[in-house]
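Structures incoming, each one as structure tokens.
Note that subunit A is present in both complexes that follow, paired respectively with subunit B and with subunit C.
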Partner chain A sequence: MLTLYTPGNSLLHRCPAAAKLITLCLAATLIMILTDPIVLASGILVVAVGYGMARIPGRTMWRLSRTALVIVMVVAACQAFFTSVSPAIIVGLRILFLITAANLVTLTTRTADLITVVEAAARPLTRWGVHPDRIGVTVALAIRFIPVLGEQACRVREAQAARGVKAPFTLLVPLVIRTLRLADGVGEALEVRGLGSSARAGASTTEHRSMTR
Partner chain B sequence: MIELRDVSFEYDARPVLRQVSANLAEHRIGLVGANGSGKSTLARLCHGLLLPTAGQVLVNGHDTRRDAAAARSQVGFVFQDPDIQIIMPTVAEDLAFSLRPSGLSKQEISAQVDDWLGRYDLVSHRDHPAHLLSGGQKQLLAIAAVLITQPQIVIFDEPTTLLDLRNKHRIMAVIAALDQQVVMVSHDLDLLSEFDRILVVDAGQIIADDSPRAALDVYRRAALG
Partner chain C sequence: MRAKDLALIALFAALTCVLGLSPVIPLPFIGITFSLQTLGVILAGGILGTKRGAIAMVLVIVLVAIGLPVLTGGQGGLGKLIGPTAGFIWSWPAGAWITGALVQRWWRGLTPARAIAAALLGSVSLYVVGHTWLAVMLGLPASTAWWSWVAYLPGDIVKSCAAGVAILAVKKAYPLITVPSVSGRR
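Up next is the complex of A and B:
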């Protein structure tokens, strides 16, 4: 679900976000029950037709399929190694369906519409102190900052390569530090942009922020 | 207008600002100082992002501690790095995000978003992922996302530091055209030389508060010895 909306005017684009998400949930549940590889493959074919209907550019499709295929191959290989080929095929087809179907929903649905649905779904939880708007923003932040964190990882990797460091595990600590700094800044930005107003009136939330500037 | 009354700020018992007082009423006010001098802290106190350890900050008469919501509704804040300020995944969605608390209808929000996209040449990027914009476009989006809420005062924290010359001039032109009161933290002395008033911050205190020419002379002498 971490891909991004591709503008369009197809039937899938015009379909309400709630309907798409409910269909996705039902299909995902059904696919976990089904065990016939031919039926599972047919499901993937239906999703492929959906991509065609939505007129998703071939380049985008290939980029997403490539990532999905890598995941499917790794999981299926593990499954085949530990059990047998038959369950590996079933698991692989299920994962391929889930990833491609979720991507299709994201590609044809604006993030704002997704968030509206998430917020509406969380509204009944308000009585237990849940803030639907914050849940919605959390979803948006996840989608927004995945590529930003990817860029951060690239920068750290480049900086380490420039200094001759090649061990992949050395990426972790600087990346975590950068991510925490980023989170600090995003927290401020959320306050500035009107989120968390009830907390920010108190001195405690703001006075303890890092002041190394 | 922003009024600072004997404002002090400490972080972990380390004084960052010490008894700063000033009335900021001019149209364009610059804050300049060395790294770690306390100027960004001062800017955050002016917004209410930080609350003073002692003293008071009043924004158009509203205390940032006691009347935080009213004070903050008057002030917009633009960060140095637009990547942290842009919350939503796409350009139009990020502008619309600013208007969520406004109570406007979906159509009204969409119309305003289109208007602001047009003002900053971002129309063709309407549904683009924000992370794919150039640095200058990201900063324009961050500024537009603040201005769309129509704040009376806009605080900029080094808005041109990460930009190339072309984008820097573009952002400078946008800031110069603003009707709102502008308070800007910057190391760009050319940019600040066109402001109405400059405050030089050093070791948590204001060591000069004057016209750009006089204040920047003080800053140069303090910085270069």
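Up next is the complex of A and C:
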């Protein structure tokens, strides 16, 4: 499966994922507090330098940011027209900064490194029944099954097209049923490998039995 | 949580991503796209129930955050979770939960009308979160952003009907929601 990560060897690429995410959070908070357009614009300049350092092609950057940029322009124009120009500029610059900075982190950080950060961030949630070690498995499963389900969707479409069915929603029920059938098999496979609470309890009892014998 | 639940959560997250690959109908002015992706949200809640449905949607958000292009139009990445339209994605666990809660409440006497109502209320909750976020990010009064909701209503009614029918069909073929049995049932 394709990721948005753009390979490279720049300082930004080599920087630890957690450091980049923390910096992004701090910068985003700061940018929402600041109101001076010159400070905001220089923040965007820093991000632009980051894009240059990481050698991100302009097309990649545009592809990720375009929808948000269009919204920013439309809203800034509306606001400038109805209220006044200065809040429109501040809001526009803020959103421009947030989106380009966040995308820079996405483009320079490997998916695997980000999964590790998610697992680490979930560790304090253990006391509420979250198992950080299962997050990685579940993420990997979802990634693995996106192309599988995509292919299933194509097959259902082809079969329906052959029978002359064209409505987009007729895809749903057969696709969901196929998904649920797949989940049965996947669930069993996970159980065999000792994932899930019932399997874990079972494993510990067999272990206990073998020890007492 | 059983292994089967983990599998269902992962697969419904994957299903939501796949539904985002379907043809896109862009809406004028706003730049938000109409796709089948939100159907995944409603189906996750209506078929898996509140807890598993909401967790499946949290998983989709994780997939977006780790840089996979799983949103409609091959979009993704942290920018999508922080930008002006991010509320429309953060709202997914809540939308799945609400549809799930209603379907669970009406499980025994689930009629087409109720299933569709559950789907529609779940979809509406996505807009409440999404438009409030949009308004806050753009410094607009919430009421200004809300009018655009009307533009989505026809599409949402159609989508909710499709989701309601699917929820009912799956209930018959493959029921996954278990409701505690009514005590003293004759």
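One rule holds for everything that comes next: the second predicted complex is superposed on the first by the 113 of 213 C-alpha atoms of A that agree within 3 Å, B and C clash if a C-alpha of one lies under 4 Å from a C-alpha of the other, contacts with A are read in each partner's own complex, and residues count from 1 in each chain.
We take it that contacts are C-beta pairs under 8 Å (C-beta built on N, C-alpha and C of every residue); 3 or more make two chains touch, one makes a residue touch a chain.
Note that the coordinates shown come from a computational prediction; the quantities given were computed from them, not determined experimentally.
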item: Contacts of A:75 with subunit B and subunit C, given as first, second, both or neither; value: second
item: Partner chain(s) touched by A:182 [first = subunit B, second = subunit C, both, neither]; value: both
item: Subunit B versus subunit C as contact partner of A:100, first or second or both or neither; value: second
item: First, second, both or neither for A:7, with subunit B first and subunit C second; value: first
item: Partner chain(s) touched by A:137 [first = subunit B, second = subunit C, both, neither]; value: both
item: First, second, both or neither for A:153, with subunit B first and subunit C second; value: second
item: Touched subunit A residues, subunit B compared with subunit C; value: C
item: Touched partner set for A:190, first subunit B, second subunit C, both or neither; value: both
item: Partner chain in contact with A:111 - subunit B first, subunit C second, else both or neither; value: both
item: On subunit A, the residue positions that both subunit B and subunit C contact, one per complex; value: 4-5, 111, 137, 141, 143, 148, 182, 186, 188, 190-191, 197
item: Residue ranges of subunit C in contact with subunit A within the complex; value: 1-15, 17-18, 21-23, 29-32, 36, 39, 43, 47, 59-60, 62-63, 65-70, 73, 75-79, 81-85, 137-140, 158-159, 162-163, 165-166, 169-170, 173-174, 176
item: Interface residues, subunit A side, partner subunit C - complex; value: 1-5, 24, 28, 64-65, 67-68, 70-72, 74-75, 79, 87, 90-91, 95, 98-100, 102-103, 105-107, 109, 111, 114-115, 118, 129, 134-135, 137-139, 141-143, 145-146, 148-150, 153, 168-169, 171-173, 175-177, 179-180, 182-184, 186-188, 190-191, 195-199
item: Subunit B residues touching subunit A - in the complex, by the definition given at the top; value: 9, 11, 16, 36, 40-41, 44, 47-51, 53, 65, 68-69, 72, 76-77, 79, 81, 83-90, 93, 96-98, 100-101, 126-127, 129-131, 145-146, 149
item: Subunit B-facing residues of subunit A, complex; value: 4-5, 7, 110-112, 133, 137, 140-141, 143-144, 147-148, 151, 182, 185-186, 188-194, 197, 200-201, 203, 206-207, 209-213
